[in-house]
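One structure follows; several queries about it will come next.
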Amino acid sequence: MNYVFSFSWLAEYYPVLLKGILITIELTVVGGLLGVALGTTCAWARALGPAWIKPPVSAYVELIRNTPFLIQLFFIFFGLPSLGVRLTELQAANLAMIVNLGAYSCEIIRAGIQATPRGQFEAGASLAMTPIQTFRYVVLVPALQRIWPALSSQVVIVMLGSAVVSQIAAEDLTFAANFIQSRSFRAFEAYFVSTVIYLVLAIVLRQIMAGVGGMLFARRSVR
Amino acid sequence: MINRRMLLGIAGAAIMAASVAAPVPARADALEDVMSRGVLRVAVPQDFPPFGSVGTDMAPIGYDIDMAILIAEKLGVEAELVPVTSANRIPYLQTGKVDLVISSLGKNAEREAVIDFTDAYAPFFNGVFAPDDVTVSNAEDLSGKVIGVTRGAIEDLELTKIAPSDAVIKRYEDNNGTISAFLSGQVDVVATGNVVAAAILERNPPKRPEMKFLIKNSPCYIGLNKNEPVLVEKVNAIIAEAKADGSLNAISEKWLGAGLPEEL
Amino acid sequence: MSLIEITEVRKSFGPNEVLKGINIDVAPGEVIAVIGKSGSGKSTLLRCINGLETIDSGSISVAGAQLLPDEAHLKALRLKVGMIFQQFNLFPHLTAGGNVMLSQMVVKKTPKPEAEAVARRMLERVGLAQKFDAYPDELSGGQQQRVAIARALAMQPTALLCDEVTSALDPELVAEVLAVVRELAAEGMTLLMVTHEMKFARDVCSRVVFMHEGRVHEIGPPEDVFAKPGTPELKQFLGMQ
Amino acid sequence: MIEFTLWDILRNLLLAARWTIVLSLVSFIGGGVVGAILLFMRIGGSSLLRAFTRYYVELFQGTPLLMQLFLAFFGLGLFGIDVPAWFAAGLALILWTAAFLTEIWRGCVESITRGQWEASASLGMGYVQQMRYVILPQALRVAIPPTVGFSVQVVKGTALTSIIGFVELSKAGTVVTNATFQPFIVYGLVALIYFALCWPLSKSSQILERKLNVAHRNH
């Protein structure tokens, strides 16, 4: 091997890198929270909602799950302005992640809802709760607990998938790596460092999800 | 569960990778390799018109491609075109998968620490463009404006140098991103090649980009691996010859719509 | 000469000692009912005899096969003693016949035609000859439990362990399973069963073991245990106070 | 500037989609084989192998596929190991797919109730026999819908191979857009082709899931 690794650029570019990390975290947190909220709503609509709401929700879920995230991002960022909706690249990236995670988490959470024993719904109804109250207070938490590992994995996948938002000039971690390599031509070093950072972020995110799960479901073991 | 040990392991791997940096040995003569192989492998762009784009058969075409073919012809070898992106063009060179990078590279000191450059082979007419109603006439006027540019391209490097600190530069992945951002109104101003701007005008868009001012003319260079003096010399000789006999001028006329400028 | 020898068996789950030195010897052909409150250790004892739980100290042997934690010894032990579970645990991807044939073929390497013949005989013995090709989810609970018994019998064990075999059944299905067990007892099979069916225990069993807090609290023929309980705990358990 | 007709655009995208399909098949089949081996290492007896697979999965699920592809192609090249692009692409995609399939399948094996293990143990079966005759046949049925569902992710994942020079569907879309500057037509068609490839897969996954659920209604 006759290539000399050099990490001296870190001294000059660490602010770019740091900003990239922060934006990736911001995208993940906002996308994760709102995406799961959207997914929960859609899961309710698909599993228990009124008949008229099911076709549009299904169409949304199928459309998003079967096309690449990058294409969705392009349509939101470059396409929406022609409808008069102009978003900054960060807003567009956030929206794309929410919409994307919304569709995936909808399917995951729906599976959790459908695994709920009928008796739970009936018990709720017999206590004079409305269907939405039963969903909110009786069904949702055990359903989330059932699918929490799958949901956690999906959030990590979305975090890693956020790398493509650099294509619309959102200055995330991948943007930072590309920016650094475009200036210094230190592609290996830039990509290696960003890969390690992604790995650490993924590990930390998994731990946080496990922690949140532990808090949400503390002393509520369903078996 | 992941624990501190794993994190330590990762850190260890990073340090190991960093420390395998061995001193660079003088390479075998790359020119000799090319001649004995009978093939010159050149990294060319395919998403950066007019320097590199594709025809309807998806084969690469453009200024950089013609330049690659010209060099191969003068060497008396076949040209093998390897389409690259701005993200992977340098790794292709560094891992010995190509001999030259002809990908409208701009030169700066940082880049020169990593690879070598030949003499300039192409001019780069790039300017700042905006619709009629935006008043910009020099770099200072960019203050407070949002400017779209293609990341890593020459205009990116130059603009970053001359733009005032409160100008916001949005760096897109490729020309299409820059152009789409302009057409969809995400940015008011773009910095790009005059030929790219002309291509936008050809589409008759509602927003017509007008040249506001020319960015300092910085030409393109061919990139090659360090410590290959023989190859550099040979390619420089070919460039000089092509300048002298008018063949480079013809390429410039064909793709940029203008002849080579005096200073090149 | 005892068939099953349980000597000073101790077993803890974490800090909780559930078996505190159990000694029981079972003679060939004996039918023994194990009764007691839930948590008294009776199911754990049964699972230990089959090697589904390891023991901390003491020894268990069935017809000379010792309980030791390696796979070869476990296999030898399990060939001597079959087990029926409360939840049936039929293999849902196999038919009733397939359930009974599988272990003969893969454990005993019995050729398929022979295994099938045995399976048909065993299913007939539990009254389900016509259900050979039915899948478990097409059978009632009682039928599933009878297939499970046929499956255990096909391995020709010298003794059977029955862990609350009727507890998961609807009341009207209990009788059909108990009838099969009663028949096995009449044919001389050695049975060790955890059960809540007191009447059945009184009618069929040769001895009754009352377990309390991890110990054998009382043991004796059913007429003694049920009619003249010697301890207040057993009296309370039998509802006699 | 060269004029692309709509047919030129569509034709070139469809031609590039062949790469998408080939790469998807290679990574799915190869990933399935490697994933199966990893599965046995993950649930098998040796704690060393278990730890290895756990870290393996963590590494490949915790880093972007783009970077894995980059390092497989250029990283090896840096060490003087010159691998062709198809090899690097196949290797990285297979290892990445395997990491996900292993975890999906492990979940399926663990979803088989304890009773099945105990019943087969009580009949004298050894670990391999339990796996072969009792656990895997059941786990396989549970595993089919999520496995088919994941194949959609594999199809979309192949888009990243452009980093090492593959001109598959997404990259062809980018290249053609940069030649025509008509992003809406081009990316619209790209989205349609992906949808046409992926939707049958996810639909059949859902149908399979429903069927298997019906078959298991009594459990």
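In order of appearance the chains are A, B, C and D, and numbering begins at 1 in each one.
By definition in this document, a contact is a pair of C-beta atoms (placed from the backbone, for glycine too) under 8 Å apart; a residue touches a chain by one contact, two chains touch by 3 or more.
Predicted model only: the values in this text are computed from it and were never measured.
Touch-path distance (fewest steps) from chain B to chain C is 2.
Chains that count as touching both chain A and chain C, per the definition above, are D. By C-beta contact pairs, the most connected chain pair is A-B. Once CA atoms are averaged chain by chain and compared with the all-protein CA average, the nearest chain turns out to be D.
Ranking all chains by how far their C-alpha centres lie from the centre of chain B, first place goes to C.
Chain D has its Cα centroid 19 Å from the Cα centroid of chain A. The mean-CA centres of chain C and chain D are about 46 angstrom from one another, to the nearest whole unit. Chain geometry summary: the mean Cα position of chain A and that of chain B are 35 Å apart. Counting partner chains per residue, chain B has residues 2, 6, 87-88, 91, 94, 180 touching two or more of them. Contact of a single residue of chain A with at least two other chains is seen at positions 1, 3, 74, 78-79, 187-188, 192, 199, 203, 206. Listed by label, the pairs of touching chains are A-B, A-D, B-D, C-D. Interface residues of chain D, counted against chain B in their complex, comprise 1-2, 4-5, 8, 12, 15-16, 55, 58, 70, 74, 77-78, 82, 162-165, 167, 172, 174-179, 181, 183.
Against chain C, in their complex, chain D makes its touches with residues 113, 115-116, 118-127, 129, 132-134, 137-138, 141, 215-219.
Residues 58-59, 61-67, 70-71, 74-75, 78-80, 103, 107, 152, 156, 159, 170, 183-184, 187, 190-191, 194-195, 198-199, 202 of chain D touch chain A in their complex. Taken in their complex, chain C has these residues touching chain D: 50-52, 71, 74-75, 78-79, 82-83, 85, 87, 89-93, 102-103, 106-108, 136-137, 148, 151-152, 155. Touching chain D in their complex are the following residues of chain B: 2, 6, 46-50, 53-56, 58, 61, 82-85, 87-88, 91-92, 94-97, 174-176, 179-180, 199-200, 202-203.
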